[in-house]
Each structure stands twice: as structure tokens, then as C-alpha cells.
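This report concerns only the one structure given below.
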């Protein structure tokens, strides 16, 4: 009925247009090998951040364990695609990663999601650490601390782009649906949500598992694109990196996460030449940005095309007033 | 048989018995008041009925298709599904969401929209979404909130927030509606409007309502029967006239003129 | 049996280090509900101040300790004023990110100025070893345990009984109502940071001395452990931080001693999660159901 | 690509990528220092091929994804003739694919995993070289030393489970050691308290402790073990090779300690002494194995430039493959067909903090 | 005693009140009434220094306190019972009451006042050791009232003190307000329950969307038609 409505078409065109522009830029060499890495890093970060935003921003559950789920996805895809070094193997790996991660997320989610706030944060942090240590110890399968190398490079950037778009689509569709609203209600007021007939455990778990599954996708693509993974890539710091993107973009704003991933990706390019000073600059930037924009770039609002028009409209009126 | 039957309900908080040995009964399509001094246990009773707290002792049964079902031990959302709707003494709207979303959320559990269907955006999803929206707007119209559907709940004036709470509770399609001090913080004029509204919804929705309120102009006007709690115990029960004349109630609650 | 007792002592002394850091952590945490990720780094700065005072200024141990506490306290207050105060009305998670920023800044600032290498902390106190029937305890171990215990009692007293402590608690639950009581919210929060950071500074010097090693990243792991300990004991509960810290120390030691040291951290986190599932508000936390 | 374009400029660009911040920044920073010193010396001596060397350096934040990005940037954007770094095996692996695609050689000073230069399937990575010996060589050498010189029959392994370096050394040792391994204990990089595992092994019967670890933890373990009264000899790898080991452990505790090393501060060799003096003058601290290996890596590139006669990555790669008898501070070596240096290791015995003897073990 | 001149307060870009002026004389009970959102609570916040006004002046006993910190204002003897109670959760009833006397140094007198409050609200004595967060709504209101009295204010600002109270207690509260007033405390009272408020008030001001629209003695206002219709429910 409304499958072909204006908004959907608008976003579809935007997604395809972006792809074509990127394609053009890559084929003309405008995006060199180096900027392609930046592009892919941004796209993977989009996948990871949007997934984490679903957990933190929409269901309101404070998870610090995203890196753990990412690791499961990365290792599953890495191992399987080393066995079957072709696209079939990669997809098998991604699907395997999603399934495995979802199972783990379900097992840990059901008992821990009744914890509140920072207690949940600690529990999820613990889960991620347990996952990582398990990987270190499964020497035969995962090659332990030395990690896997020589993973076939199959996830070329267009594939990563497609997955990023799919992830965003799934998360946005979910959040803008009745179950999604139920999930958001839990964030707003758990007791009231329950009194409205919402099975809070169920929807918290759905958001958690869905978020974890997207982390697995991000991890799998990471493994395939970079060819090398080690347990050390999936520490607490990685979870923090993703959390920073989510908060920086605006908690509960999918477009915010996308923009933040892009901004931070580009910032990184600019900061690289600063050597060891760069982390100092980055830290200062983080502090200053949060002080001046504590709710993130977009707050909990979404960037919309109509909103953009509105913004320009308003700006021009301000100008006119200024003239008077 | 009555719609709701509460027997020997007791709740301890540590050594304090906030509700003790309470019996209460609601029939279909009744409007009943629950009054009592501050701290008497009225809100606690609501919390027990809706599964927010678990009773220490006693039974709570609801009639469902001619069968008696116990709600004790059930989760709040199950109890809501079984037909108990409520509002909160301290307003608990989803503050950062729009008025419409507040109502839609309350309709979710009865709408049975699946997660997968929503993600895949099948055509049937759009149909059910549209239907829910229409229903929600219908409800909001009754409370004259239809012009505010895209306002954030927190930006509504106090009185409208109270009304939205009631709409939200109604959206869960309850058999019994528990209202906890709906007129608190309203001025006499607003209270009078609310009184009319409560009467109307009870008539239109053929609903059973249990009402906690300290504003006697509201309680005495709309309630057919009134229960009085004091120190967790039911000290009186009767028509508004009987209650107004009850010495014990006057002494503990109403105060002499 | 002897080994068991020795391991118990090992666990207690490791745990009391976690506890020592966790005390300041949990207090700040309890008052302004901020996971102050920079706490571990203030601890690191404290250690470096102590190091510099002894090495470059030839101070004795106690003057160095006091200087480290004072400078750390000052640093804590400064951080609060500059980085956290503008975010009083922001979401907790936004402040958390700022705290991470401060943490990165301290780490990398020290890295920049002091270099990344480890330094040996000057061994200014003679470390006597007491040995009773084959069981060994060192003087510094006793000192750390004692300090932790005394500080816990002192902090608990300050927070529960003194006027400042009551002001701190009032600010933590409702800052605007606290203002109506005549409490200066800014000063109270600054005081909280002053106290918490001075404890971190003391911990830095003591632990630096005990393990004889300091480096700019030394705060990261204990900071995280202290956070875990604070949560495990019950957020904001001062004796909880002590119990949480000791619990983690003992579990870690026991897993290494009687299990597999390879999976030590996994077991620690596993037990932690189990404890939280059984006691969702931490060991000492009361799971108060919100009054509806 | 843009790789070879520097030949026309007035300087020759040399890429450097190190872990200068983050968890392993101590090693990366030391290597960065070694590189800078070498380049300074070379330039003061007139440069290479008549041109000055220019370092283009980035920090990998101890993050492997960042390493990929930076390796690509150096190889494709900055037009360097060769890259020196990074310090850890993981980062080297992360950098391998981009530099291979861009065909720019990379010389890692301390990436020791066996599979860096030769893949698991036995193919040589055409553009990856190193100046350090590999884990297997060192582990084997240490295992043999334990049996032959220490006459040990029962060993305890205390390893760093979070570092692949330690894992590599452990594996090689376990595969070679002829005696019995009575216990294996592990810690992680963040640990400072080792009392639990030390108390545990104290009651066991063994005659050597094999300690594959970096000096930060090794120093603390030495201290804690000796203070606890564990007196058996302790055997470690080149990770011990830093002055800080003595400071951390306390001189009296570094007794009966043996470790394999690339170079010794006591080495009388003039070249080594000059290096030590210059390094100390520049950075106010004695060099360690990391800085020495990185220093050699730069001189290796310089020699390859001279040998190849052309400042292009192709020429440098080709020249690197055929370098023989390179005379560095970490020994004289040639590069073999697997891109590894053929060099001997020194096993240094330390008593009371002093080098008591050194022994050279040939590969 | 208190003079509010041309007060305007903004929340961001929203103007909550505009050019409001009124005064409270020593010993009076003055009542502010007005519909929801009229800006009554905002005025109290401005007086207590919790929210800086964008324009206008607040003069207390001859000196301007417009820019003073809340602490200074409390020290000068102005105390507030805020809307929505704002009791300190996690602290016992007793500790909450003690917080009211935060700035006082006269320990014996404080103890005395504490006893007076327990005498007024006996239920609080029973709940002395209970976490104030778990009190019923009405009990919390009593704590908030008691807490404000513990500072021995000279000017007491009350924001809807009867909200959520049982009828008998409402009477009691108004009785207490009168009593407090008689013992020398000046009272500025905000109430939805305009009828009762105006009954005990010497004077009253009617606020409508940020403006004072009517003023007079309590009695005059009670009898005025407009007021009858709009605020007293006919």
C-alpha cells in the first residue's frame, strides 16, 4: 500500500546516488586506496554504531560489550572464509556470525537485561571480556593471541556499503514500527511501559540481539576487509570507540550515528600527521565537543530532507530579520 | 459474579503493613471511589492489583469470559493484557515522545504486530499501522487532545498531561481502569471538566473504574460506591452519602467543618 | 593449608589496592552519578607526582605522599570545573564521554611529556617482610590494607555524619532542592572531587611504591577494575567499594592459584555477572523497587 | 602508483609507523627514537645517494586497523621508498596487504612472529623484511640453552597470554625443550601483581623458570619471585633487553637471569658504543633492543638504497633481498631467502644486575 | 518586605513571565493564583535564585537580591517548599528535616523546632527512620513543609502545599500556614485551591499567561465574578 511512499523513495535515491558518486570517485582515483580504507572504516563504524544505538539509544540499555559481539562475527567469518575462500564462504561466515552472536546475545541478554544502568554496563563489559578470553584460549580454532591472518579479502567497499545501507534500513524500520515504539517506551519509563502491556524483557532482548547481530556483521566485514584479526582488536577500548560515535552523533539518532562516524573518520585523517600529539588533540576535541554539544550532533532528532529544507528556510528568515 | 474480587489482600514493607486484609469487589460498569488519609495504602493497593508489587498475602481474581483468573504472581504486562489499565499518581508519561506515540505505545500489545513484519515492512504492516493511528486519534478526540498529537508529552500543560495519561490507559483496552488522583494539581474549573469526562468515558466505554482522589467534589459526584482505607485497613464502604456521614471517616479523613 | 592462607593474603593485598582506588571512585560516583573514567588517570598522575617529588626534589616519602594528594586533589577539582561543570544538565552518558576524553588527555599528555616507558618508583621505604610460620606479609602490604580500611571508615564517616557529607548526599539526589537548603552545589561537588582525587593520588603513590613501577597507562586497568569493584559492591556505597575490591582481588588470586591462570579474567567476570544476577544492585546495594 | 616518484625530489622519503600511543607505546616509541637517531646520523654524514633522508612518521595508536590505514597512506600517498615499523607482529600483518599492493618494502624491527615474512602456506611475503630474529629461532635457542647450559630437567613457564610474542616464544620452547614442563602460568599485559602464580609454583619442583615476557612485567616478576624466595634460574627472551628491567626488579634481584639478546650494552664494539653514546646523548636514556633494531633497520634501508643505486621502492626491495654481511649494532647479518636476518643470538647471563657472561648461539 | 518589579523570566526562548510586579508586606499572607502554566512556580524560582530572571528586580527588605546565589537568599531568611516536593531520596525523614536547618548553628533550638514539627505531623515521627522516597505522596508533602520550616524562615514561599493531601490535612495545612504566619513568618502562597488560599490570604494576585491581571484583598478576589468563573469552578 504505502511501500512506495515519498520518504522511502527519497532515501532510496539518496542511497543509490551516494553509491554512484562514491563509485565514480573511486574509479577516477579521486578516492585513492588510502581514502578507500577511510571510507570502509567509516562504513563499518556506521554498522557498529547504528547497532549500538539501537541498544543504548532506543531501548535505553547501557551496553559496554559491543566489541565482544563484533569479535564473534569477525572470527566466525574469518575462520569460515579461510576454509572457503570465495564469496559463498564469506556469506556463510556472515550468516554464521549473525547466528552465533544472536545465540550468545540471547543467552546473556535474558538474565542480565534485568539489571539497571551501570550494573548492566558492567555485566555486558564482562561478557565481552569473557568472549575475548575464550577466543584467546581456543588456540586450535582461533590461533589464540596471535590471531588470524590471511583472511581472504572479499568484502570490497561496495559490499560493505550495501551492508551498511541494509543495517541502517533494518534498524530504522524497526525503530519506526510498533515493536520499535514499544522498545523506545522502555527507555522512557520502564514501569509505565510495563503498565501499558509491554513485555519489557522481550523487547529489550530483541533490541539487544538485533544490535549484537549487526555488530557481528560489522566484525565479519572488518575481518574480510582487513584480512587480519586478533583478540586485541576487540577490547573494551573498541566498545568505547563505538560508544563515542553513538553519543557524539546523538543518542537515539540513527542519522546522527552515521554523521558522527563520517565526521570522526575524517577527523582521524586530519589528525594522523600529528603523531603522538594527535591523541591529545582528539581528547581535547572530545571534551570541547561534548561541552558545547552535550546532546550530540543531532540530539535525539533525525536528519531529514524536509528538516534540511526547513533549516535553510529558517536561516533565511533570520537573515531577513537581521536586515531590518 | 463480580468482575474483580480482592480477598484478604496484605502487603508488608519490612515491618510496616501498608495494606492489610483488604477485601474489595468491583462489578461490571461500576464507578467506585477509593479514599483515605495520606499513606493509607491506596496507591499500594493499585500497585498490588497491577502487579507492580507482589502481595504478601491474599488473592486477586478477575473474571474473564465467565472464568475466574488469578492475577497474583503475574507480570504487570500480562495483567494489563488481562484487562487492567491504570494511571499514575506522579505522572509517568513517555515525556520525550509525542502525544500520538504515547497512545500508540499503549495500543501495541493488543495490536499484535510482529517484529519481523515491521522490519520487512510488508504491506500488511502499513495497514495495521494506519488502523492503529486512526484509533488513537479517535481516542484523543474524546479528550480534546487531537490538536496536540505531535507535541512532546512534556510540553503539555499539567492538566493535559493528566488527560493524556487517561487516554493512554484507555488505549490498552482495559476492562477495569484504575485512576490514581487524576485531579491532583488541577484547579476547580479543570476538576469540574474532568468530572464530566470521567462520567462520559464510563458510559461510552462501558467500563469499570476505580478512582483514588482527595478532591471530594470529584469523588462524591461521580462514584456510586466508595471504599475508605486507613492504615492499610478498609474502615468503611458505602454510598457517598453513607461515607459522608460516617463518623470514623470524618474523623480520619474528611475532617469536621 | 599454608599455601591457602598465603594465597588469601595475596588476594587481600591485591584486593585492597583495587579497594583503595575504588573508594574515591565510588564516592564521586555516588554523589554526582558520574562514572569518572579519569579517576584511574588521576591515580596515575598522583604516582608521577610522588615519583617526581622524591626523585627530583629529594622529598621523603610522607611529604611526597601529601604533595601528590594535594596536587591530585587540585587536578580533580580543576577537571570538574572545566570539563564536567558545563555539563550539569546534560545526560549522564554525555558526561561519561567527557570523562573518557579527560582520561585520554591525561594519559596522552603524560605520555607526551614523560614518554611511554615504565619507570621504577624510588624505593624510599624499607620494605620489611614479616614471616609467621611460612606465611609472609610485607610492611607495604599491611600499610596499604590499613590505609584502605582507615580511609573507608573515614569516608563513610564524612559522607554519613558530617554536614558536608550530608550536603553531598543532598546534592546527589536533588541539586535544586539542595540549593533551597542553602547548600552551594558547586562547592559541594568540588569538595567531592577534591576528596576523591586526593584519595586517588594517595593510591598512586602507595601502589607505585608497592609494585615499583609507574607509567602513563598504569591507571587504565586498575581504573576499570575499580569501576567494576565499585559496581560490584553497590554503586555509591563506600563499604561496598571495599568489599567489591577485596572480592575481586580474592577471586582473581584464587582462580590463578587453584584454577587456570589463562582464563582468570573470564572467571572473574563470570562470577561478577552471577553475583549481579543474584544481587542486581551489588553486594551491599539494596534493590529498592522504585516507589510508583 | 605514486610510490616511486621521490627519486626526483631533493630528499628521499622514508616512512615510519610506530605504536607511539596506546598499550604498546613503550616499544613503538623506543623504535621511533632509534629511527630518528639513525636518520639524523645518516643525514649529518651526507645522506644517501647524495640526498637527505626525510622521515614521514605516523602513530598507529597500537591499533591494527589504524596500521592498515597508515601503511596505505605511507605507501600510496606519501611516496616513501621504504617503511620502517611497526613494532608488533599484529600491526605488521595489518600493514602487509597494503604495502604489498603498493609494492613498497617494509622492515619491521621487532615483529617476531614466524609467519610475517613467510605465509602459513610457505610463500614469502615479497615486501616484508625484518631485522630481529623470529620467535621460533629464539624459542629453540632458549630451550636448548636450558637443557645444555643450565642442565635443567623441569621447567615452569610463566607467559604473557595477551601478547603473541610471548605465545610464539612459548610454543617454540615447548616444542623443543627436552625436559618436563611442570607448570604453565599466564598473566596479561596489565598485571602488576604476580603473587598468586608465584606462590602457586613455589611449592613445585622445578629447576628453571622460562619467562617469555617484555621487561615491564618480567622486571616485576623477577622482583616478586626473588623476594618470595624463588631462587631457580630465570630464562627469558629479547623482551628483557631494557635497562628498566634492572630498575624494576632491583639490582639484587636480577641474579641467575639469562636472556637472549640482539646486543649488549657491555659490548666493546666501537660501533655499538658509539650508538649507545649517541642515543644516550639524544634521549637521556640508554637504548634498548627495540631502539637498536629500529636503528639498524634504517641503516639497512640506507645500504639498500646505496646498493640499488636508485631511490625507488623497487630498487630498495631488490637490494634488500640480496644484502649480505650488513654490519649493524645488533650484529652482522645477511638477509636470507625468507627475508629474515641470519644472525646469531647472544645469551646474556646476569648476576647481581651485572652481565656475567655472554654466549653466542648460531642459528 | 518583598518587592518584585517588572520581573521577566525566560526558559531558553520561551518567555514564562513578563513584567510581573507585586509586593508582600511584613506579616502578610499573599496568595498568587492562576491557571496551570501561568508562571507561578517560575516566580518562586526566581525569588529563590534558582533561575536567573532576564529582566526586572527583586528587592527584599530594601536590598536587591536579584543576582544573589540561592545560598545567600536562604541566609537572608527566605525558604521555599517547592512544587513536587523535591524531598531527598535515599535520606531518612529525619535527615531530610535536618537538611532544612543546614545553615543553622543553634543546635538546641534546632532540636526544639524538630520536636515542634513532629508535634504538627505525628505521622512523620512514626516514619522518622524511613527512606523518604518510599513515603506516600501526602507524607512527602509534610516532609517538604517541615523541612522548609526548619530553617526558621522570615519569608516562606509555598508552591501548592495542599496538592495531593487528604481533605482533613488540607484544612490542617492551611491552619498551620495561618499559625506560622501569626508567629511572625510572612507567607507567599501559591495554590490551585484558590478558595481556601484566598480565604486565609490578606491579599492576592491573579496571574494569567505571565501577567498580573487582577489584584485585591483575599476577600475582594473571592467575591469577584471573573475569579469565581475561572478559578473557583463557578
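Worth a mention:
Letters are used for the chains, namely A, B, C, D and E, taken in the order the chains are written, and counting of residues starts over at 1 for each.
In the analysis below, a residue touches a chain if its C-beta (ideal position, glycine included) is under 8 Å from a C-beta of that chain, and two chains touch if they have at least 3 such contacts.
Keep in mind it's a predicted model, so treat the numbers as computed, not measured.
The minimal number of chain-to-chain contact steps leading from chain D to chain E is 2. By number of C-beta pairs in contact, B-E leads when B-C and B-E are compared.
Centre to centre, using the average C-alpha position, chain A and chain B are separated by 41 Å.
Per-chain Cα centroids separate chain C from chain D by 36 Å.
A separation of 32 Å divides the Cα centre of chain A from that of chain C.
The mean-CA centres of chain C and chain E are about 42 angstrom from one another, to the nearest whole unit. Chain B has residues 43, 52, 88-90, 92 in contact with two or more other chains. With touch defined as above, residues shared between interfaces to two or more other chains in chain E number as follows: 134-135. Listed for chain A are residues 136, 191, 276, 279, each touching two or more other chains. All chain pairs that touch, listed by label, are A-B, A-C, A-D, B-C, B-E, C-D, C-E. The residues of chain D lying in touch with chain A in their complex are 1, 20-21, 25, 29, 57-59, 61, 63-65, 68-70, 72-73, 76-77, 89-90, 93-94, 96-98, 101-102, 113, 115, 119-120, 161-164, 166-168.
The residues of chain D lying in touch with chain C in their complex are 20-23, 25-26, 28-30, 161, 184-188, 190-193, 195-197, 199-200, 203, 215-216, 219-220, 223, 227-228, 242, 244, 247-248, 250, 285. Of all residues in chain E, those touching chain C in their complex are 48-50, 69-71, 74-75, 79-80, 82, 86-91, 95, 98-100, 102-103, 131, 133-135, 147-148, 151.
Listed in rising order, the residues of chain C touching chain A in the complex are 35, 83, 86-87, 89-91, 93-98, 100-105, 107-109, 111-112, 224, 227-228, 231-232, 235, 262-263, 265-266, 269-270, 272-273, 276-277, 280-282, 290, 292. Residues of chain E touching chain B in their complex: 35-37, 123, 134-139, 141-142, 160, 163-172, 192-195, 229-234.
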